[in-house]
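Before I ask anything, let me first share the structure, which is written out below as structure tokens.
As written, the chain order gives the labels A, B, C and D, with residue 1 at the start of each chain.
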Amino acid sequence: MESSLEAQVGPLRLERPTVLASGILGISVEIFGRLHGAGAGAIVSKSISVEPRDGYPGPTVVPLGGGGWINAVGLSNPGAAAFAGMIRDNRTVPIIVSLVGSAPEEFSSMVERFEGCHIAGYEINLSCPHVDDVGLEVGDDPELVSRVVRATKSAASVPVFAKVGLGRSDYLDTVSAAIDAGADGITAINTVQALAIDIEAQRPKLSNGIGGLSGIPIGTIAQRCVAQIHSQFDIPIMGCGGVSTWEDAVALVLAGASAVQLGSALGYGSPDRVFADVNDGIARYMERKGVRSVREMVGRALA
Amino acid sequence: MHETSHIVQVTSVRDETATVHTLEFDDSTMAAALPGQFAMVWVPGIGEIPMSVMVADGGRAAFTVRRHGEATTGLYNLGPGEMMGVRGPYGNSFDIRAGRLLLVGGGTGLVPLMRLISRAPPDADITLVMGARTRPEVFFADTARALLRPRPHCIVVCTDDGSYGRPGLATDAAADELSGGAFDAVYACGPEIMMYKVMRLAQDAGVFAQASVERIMKCGTGICGSCCMGRELVCGDGTVFEAGRLLANPDFGVRYRTKSGEVAYY
Amino acid sequence: MESSLEAQVGPLRLERPTVLASGILGISVEIFGRLHGAGAGAIVSKSISVEPRDGYPGPTVVPLGGGGWINAVGLSNPGAAAFAGMIRDNRTVPIIVSLVGSAPEEFSSMVERFEGCHIAGYEINLSCPHVDDVGLEVGDDPELVSRVVRATKSAASVPVFAKVGLGRSDYLDTVSAAIDAGADGITAINTVQALAIDIEAQRPKLSNGIGGLSGIPIGTIAQRCVAQIHSQFDIPIMGCGGVSTWEDAVALVLAGASAVQLGSALGYGSPDRVFADVNDGIARYMERKGVRSVREMVGRALA
Amino acid sequence: MHETSHIVQVTSVRDETATVHTLEFDDSTMAAALPGQFAMVWVPGIGEIPMSVMVADGGRAAFTVRRHGEATTGLYNLGPGEMMGVRGPYGNSFDIRAGRLLLVGGGTGLVPLMRLISRAPPDADITLVMGARTRPEVFFADTARALLRPRPHCIVVCTDDGSYGRPGLATDAAADELSGGAFDAVYACGPEIMMYKVMRLAQDAGVFAQASVERIMKCGTGICGSCCMGRELVCGDGTVFEAGRLLANPDFGVRYRTKSGEVAYY
């Protein structure tokens, strides 16, 4: 029996089910090429805004031990114009451009910037837990979500994913608004709002104070959200959060994800091995369980 | 899996120049850093920046910092008893060869080279080229002499303005050394243009060479991408790279990324 | 300099700042006595409902590795009448009775049951993430929260705490409603909704499917919530979530907690040592930092 | 810090009686369990219950389960190749003395005693009293004989109805043994009333004694409190306790907690 690692996330076909999460090594097309060559089925870029952003002063990304990370980078990114220039020559890597902003027009104007770039899709970051006025603020307002998704969809000629996270309001309302507005898929979840205090310095470890928790600690929270979305909506999901091994990836698929994003996992091992190791593990598991396609496994643990 | 930062206390501060301080502290993790490895150093309330780990006596560790912008000034200003957070050490390290070694450093780029000297095999014959712009900016001369004393060595201090030692650029001195004798390895750390020239010189001379590269480093651990240089992640694949790999990199010596990730040119 | 471990949580005075969290070893008054003797400043009981509940079939509590736990015990408890009988003779242990229910009258009737028991306070569980109709369902409805707190307060002669967690609606609205209704303090946080899938069995590890994540993984989420409540409201807080060492306890206090609850930590070490170890660590820290009272440290990292 | 459950496959199933199965499986963690330790055993889709770890040959492990309610029936029904989840082993273990040992077990309470025999010092002289209600309910007689063969031993099988072996209760047989000879230690596992009597007998005879207690166990790891017996947590402080501590416990032999935590009496 031949099993295939191909994954289908709604309109998006991926040769392999593992995808680089947004904000992780996410601004250099050379790195994208390297990771794609090393097994990533697609690459989600750092979230791009209309204008460049320097982000916050350090510390912005701090490991917490136990495979956890906290970050508040302040959405540093080169801006849509510069980033479009950087990826213009790409022909081989399936790049999903992550977009962030606070008004629908920003999204449509950014999509226009990427006109002519060879990209595989967009991911709308509705859920960055530590930057005022963008991210979660948007995700917390279903009406705005709806307008942002609609603006992006109407400008874009490639699939559009909406990325959700645990915010102040019910993230399932955000999912619902995004679907109604035409999103082709949902990415779940972003980091979880957290605060790590250094007891010797008696202040937060991040310059921004509050940041987003990622990595192993949020794995079962991500499984929960993916399962909830999968059972309540008919929409393809890219699962994200706490995947560090192939077992975690399989668990997210069994919970309802059609593909799996890896973020903090890149900090645990060699960028040249992480995707391949997870892919190989998934393939061996499928072989052992007699599963022929990733699709067959999606949501199977909820049956 | 990376552990989180921990707080250490500065035990003593040494003036190197009017703008350069060496801060010593007790910390076994940092004391064990390999030459070329760096730490992410947090000055609470001010910032966090990458710093090479400097040598220090008796199981202690140190950083040598040049006062520059906000974060380095904050670090520079720390006094004995004050706290800083450290995490790491991160990155790879110099592949220290035996035989005749040429070390070329400028400014705080000398920090990893000092550590390299302290870890070199006892019979390695070390030529150290130290570059500075002017006489008052020369530092580590005594430290280098003390570290090199027990072994065959040669120290060449150059100043751009000729106010001390050999007049001219460190790269000129390095070129002379390379043409004058057969070296087994060349190690460089300092301004990127300088390192670029040294790597070319070494490659032309057919000598094994490595340089330690600096970039914006936000995480130090291979996840944020701020340190990318072409296909390389400087924090994890480096900071130390071999000459061939560096010279093949489209960015090395040419361009870098700013804090936003935009491309800027040297 | 003498430093004291005494903690003051609004009207509640504790000899030591560490408190046993609800649902942990929480039904036996003999065990309460043992833990109090071993250093706990107070004991929160298992959440008690009007009628006894058997809870869900197993698995109900599963360790996840890395100091994380997932549970959905289904609020098993002997019911208010039986529990009141069990604690009636207690004179020495400061017991905080945790109450759970779905209607205001249930709360007032339970408080009447405990009339005559020597108890230190009540904690209203507004945030159990895995039992339908009680817990989070209540916490998600600020109006109901308000009525439940009011009913409890008017029946009770001891301090009343409201325990919140991350639910579907903004937990800060729950906090606000509880405070307006007269709560003497807030306990934050309960477990975080999660799902752990077993990839070999291809089903959730808990019989209930979704459960609550506790232990080390949620520590920085708890610090965040405590800090948010502390900076937005003028109300004493019992911090809870992910405390496994004295460092974690200090971090929660620096984030704004006046006392700290320990739950999953009881699973890491001997019940006879956990509280003492944390208390000793806090005391040594205070000594070293020249702090004389726990109160001085509350919220200090946010200054 | 406890690790999460892992899945094992049943390799073989042995009939012990019409209602008792021994399920063997390969698992190094469980194979290393000490006598008295237990596992939390998950029958996916059915339930999770505590089970003593049984002896098995060659690095394998086993459970011996009596079909009873939903979960034990689910476990009993598992066939070779089927999956179960295991976590643990949890709890303490018997303090195995040298010299003359008296083991008193009933039903599946014999499981930890079998493991105890397999770990006892080679020269320990073991008397095993096995209780069952009727002849068809007797099991482990062959297993016990095989385990005891290499050492001085004596096996007394009792049936309540006298249909096999010595007629009467295991406690009567234990009393006879204790009055008949000087034992160095007594170990009991089985119905709580039986254990209570054996502990009293041993205490009266001034002999060191331990029993392994059963309670509702939801977590196995000292957090849920379902297993409390007086001040003791059976899962963590036990399951094995010394006679003195047991007889001083107000609950032992008297009452237990139901699944809701209500108190019920034996």
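The criterion applied here is as follows: a contact is a pair of C-beta atoms (placed from the backbone, for glycine too) under 8 Å apart; a residue touches a chain by one contact, two chains touch by 3 or more.
What you are looking at is a predicted structure, and each value in this text was computed from that prediction instead of being measured.
Q: Touching both chain A and chain B, which chains are there?
A: none
Q: Between chain A and chain D, how many steps is the shortest route if every step has to go to a touching chain?
A: The fewest touching-chain steps linking chain A to chain D number 2.
Q: Please tell me the distance, in whole Å, between the geometric centres of chain B and chain D computed from their C-alpha atoms.
A: For chain B versus chain D, the centre distance works out to 65 Å.
Q: Whole-Å distance, chain B centre to chain C centre, using C-alpha means?
A: So the centroids are 51 Å from each other.
Q: In angstrom, rounded to a whole number, how far apart do the mean CA points of chain A and chain C lie?
A: Each chain reduced to its C-alpha mean, chain A and chain C end up 33 Å apart.
Q: Between chain C and chain D, what is the separation of their C-alpha centroids in Å?
A: 36
Q: What positions in chain A touch 2 or more of the other chains?
A: Within chain A, the residues that touch at least two other chains are 64, 66-67, 196, 198, 203.
Q: Which parts of chain B, given as residue numbers and ranges, touch two or more other chains?
A: none
Q: Looking at which chains touch which, would you call it a line, ring, star, complete or other?
A: Looks like a simple chain-to-chain line, open at both ends.
Q: Give every touching pair of chains, nothing left out.
A: Chain-chain contacts present: A-B, A-C, C-D.
Q: With touch defined as at the start, can you tell me which chain C residues reach chain D in the complex?
A: For this pair, the touching residues of chain C are 23-28, 30-31, 33-34, 46, 52-55, 57-67, 69, 71, 73, 76-79, 82-83, 86, 196, 198, 200-201, 203, 205, 207, 263-264, 266-268, 270-271.
Q: Using the touch definition up top, name the residues of chain B that touch chain A in the complex.
A: 1-7, 40, 42, 44-49, 70-71, 83, 85, 87, 218-219, 221-226, 228, 230-231, 233, 236, 257-263
Q: Over in the complex, which chain A residues touch chain C? Could you list them?
A: So the residues of chain A touching chain C come out as 64, 66-68, 70, 166, 168-170, 172, 192-199, 202-204, 209-210, 213, 216-218, 220-221, 223-224, 227-228, 247, 250-251, 254-255, 285, 300-302.
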